[in-house]
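These are the structures, in structure tokens.
In what comes next, chain A is part of two complexes: it sits with chain B in the first one and with chain C in the second one.
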Partner chain A sequence: MSETGLYVYGLVPRGALERAPDLPGVDSARPVELRCEGGICAIVSRVDLDRFDEEPLRERLADMDWVERTARRHQEVLDAVLAACTPIPMRLCTVYQDDAGLRRMLDEHQEGLLAALTELSGTLEWGVQAFHVPETPAAPPRPGGQPGETASGTAYLQTRLRQRHAAEHAEAEIARACEELHDALSGLALAARLGAPQRPEASGRDTPMVLNAVYLVANADRARFTQRTAQLGSALAPRGVALRLTGPWAPYSFVPAAVGGAR
Partner chain B sequence: MPGLEPESLGRPLSYHRADMDPRGGGPANLADILERVLDKGIVIAGDVQIRLLDIELLTIRLRLLITSVDRAREMGINWWEGDPMLSGGAKQLQSENRELRERLARLERTIGVGDGETMTAKDE
Partner chain C sequence: MSAVTVADRDVALIDLLDRLLQGGVVIQGQITLCAADIDLVALDLRVVVSAIDRLAAPK
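Then we have the complex of A and B:
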């Protein structure tokens, strides 16, 4: 039997979960468990240190299939908690050697973590992505103009110029639409952040992503937020913008920097 | 279960992942998950955690893979440039790259293969 360590998915206030989610963990489907210290419980599962110690992990991080599987498991465990409470999500592959090490961490950071848990309590993260759906592109100008016409360099250049102006106008219009969208949704959120848009290969859409935003929304405002997003989606469609709403997520983007978060 | 609508009770929330794309639904997009679990989850080092450098390098690679950098710049989004860890890492990779190319060029000149100067200039 090889030694095991504790892989940590996230932290929740003690008492918020009756029991750990009934889900397989990241390693060999070992069950997810709770480990509590003071006012905080860590959501953990045992992992084989043959596979999850520093050296083997470094090799496995190069294996994208493994990274995907692990990231999805990590995510599913946190998802399962969302109905009961808002967890503080840990970064992928945070591993403690034993209970004592984990308890020491929870003890040392107790105050800051409790403050963060209180601050995030009753909130969830939502993602809104906007895509530019271009209208049917105009046919490229042909140097010959109308069939049978003699080629006219001037006419060709004028057509090109008109097209360029139209494209610039469309781009400005899309940027304006994104700004309005972000303003409207920020108004319903406790906090908002913009990220870089994803490439089409990553987003799975063949139209360009023009906005990649995340919002921290109070659970009480959840319906208002999702309905407003749907409304804005309908309103923006004729302007060439399609929306994608994702969530709810654990508040990854809104954990205070004071406890090692992104905000 | 405070604050959530009744219909979400007792069912896994992943089925509730709202997605207004009629082609969407099902499991969450991998890019959306990686953006979060690699880049945003909190960092309180475990005692067996992979050294931060490793996960950061992976994150840089994934960010480049996931995000459309040119498009982001056009829109004036340049958060990574204000991120000392990330821009530092990226700069380090760039300088390592340059150094390697220069060494290769010198070696090629020494053994008389290829045109080292042109190669260095072209790839910059």
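Then we have the complex of A and C:
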């Protein structure tokens, strides 16, 4: 029997959940539980330290199947509480050695964590990605004019130049469309952040990502936000921009920096 | 419906890892381990490699 630690999925206000989500944890043999201290409950499950200690963990992070399984379990547990409250999500593979260590952390950071939970209460994160869907590219100019005509180098170069200008123009158009989109959605959100666009290999799309944004939206404005995104998606389609909406997410991107978050 | 795809529960791994490895809370101090110091660039590369592998070997 090996030593166990506590894997922490996220933190919620005490009383927000009647019980822990009835779901398998990152170690399927062990249930998800709550550990409360003061006004905060941590959503946790036990894990074997011989698998989750620093060295073995490092090795396992090379195993993408394991990383995916763990990440999805982590998300499923947090997703299960979204209807009841907004959790402060922990980063993947946050493990405390024992109950005492976890309780000490909750105690020491109680004030800041409670403030963050209050601030995030009634909000959720939404992701909007924009992709540039180019029109069918124009056929490359033939080095020559009309059939039978003498090849004209000048005409060829002029055509190439025109195409380059058109491409530059299209790029500026896309940038402007993204800016309008982000402005419109930011206006419906409590906070917004722009991330680096994902590469096509990672996004799994063969069209380039031109916007990767996240928005913190009040639950009361949820319908307005998703409907506006759909409207903007229809409006932007003729301009060569396709949108993808994801969510709702626990507010991974909007935990205040004061409690160790990204904001 | 429209030009917007709602991915909802079918979340791409990359979107999830973006959040779980770069977002969320890292509280220093009592914590024993966390993915905070993991080489994100290396992991990102692995995600990409894995995505390519999947494309190359469709089920």
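Just so it is clear, the second predicted complex is superposed on the first by the 257 of 263 C-alpha atoms of A that agree within 3 Å, B and C clash if a C-alpha of one lies under 4 Å from a C-alpha of the other, contacts with A are read in each partner's own complex, and residues count from 1 in each chain.
Everything below uses one rule, namely that contacts are C-beta pairs under 8 Å (C-beta built on N, C-alpha and C of every residue); 3 or more make two chains touch, one makes a residue touch a chain.
Since we're looking at a predicted model, the values are computed, not measured.
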- Between chain B and chain C, positioned on chain A by superposition, is the outcome a clash or a fit? clash
- State whether A:R222 touches chain B only (first), chain C only (second), both chains, or neither. first
- Task: Check the residue A:L236 against both partner chains and state whether it touches chain B (first), chain C (second), both, or neither.
- Result: second
- Message: Let me test your reading of the model: by the given contact rule, A:L120 touches which partner, first (chain B), second (chain C), both or neither?
- Response: neither
- Does the superposition put A:G260 against chain B (first), chain C (second), both, or neither? both
- Message: Just to be sure I read the superposition right, which of the two partners does A:P208 touch: chain B = first, chain C = second, or both, or neither?
- Response: first
- Query: Does the superposition put A:H109 against chain B (first), chain C (second), both, or neither?
  - Reply: both
- Message: For A:E54 in the superposed arrangement: first (chain B), second (chain C), both or neither?
- Response: both
- Name the contact category of A:A42: first (chain B only), second (chain C only), both, or neither. neither
- Intersection of chain A residues contacting chain B with those contacting chain C? 5, 10, 52-54, 57-58, 61, 67-68, 71-72, 74-75, 88-97, 101, 105, 109, 127, 195, 198-199, 201-204, 226, 229-230, 233, 242-247, 249, 252-253, 255, 259-262
- Given the complex, residues on chain A that touch chain B span 5, 8, 10, 49, 52-54, 57-58, 61, 67-68, 71-72, 74-76, 79-80, 82-84, 88-97, 101, 105, 109, 122, 127, 175, 194-205, 208-210, 218-220, 222-223, 226, 229-230, 233, 242-250, 252-253, 255, 259-262
- Query: Hey, which residues of chain A end up touching chain C in the complex?
  - Reply: 5, 10-11, 52-54, 57-58, 61-62, 64, 67-68, 71-72, 74-75, 88-97, 101-102, 104-105, 108-109, 127, 195, 198-199, 201-204, 226, 229-231, 233-234, 236-237, 241-247, 249, 252-253, 255, 259-262
- Quick one: which bits of chain B touch chain A in the complex? Just the residue numbers, please. 1-5, 8-10, 12-14, 16-21, 24, 27-51, 54-55, 58, 63, 65-69, 71-72, 75, 77, 79-80
- chain C contacts chain A in the complex at 1-8, 11-36, 38, 43-44, 46-48, 50-52
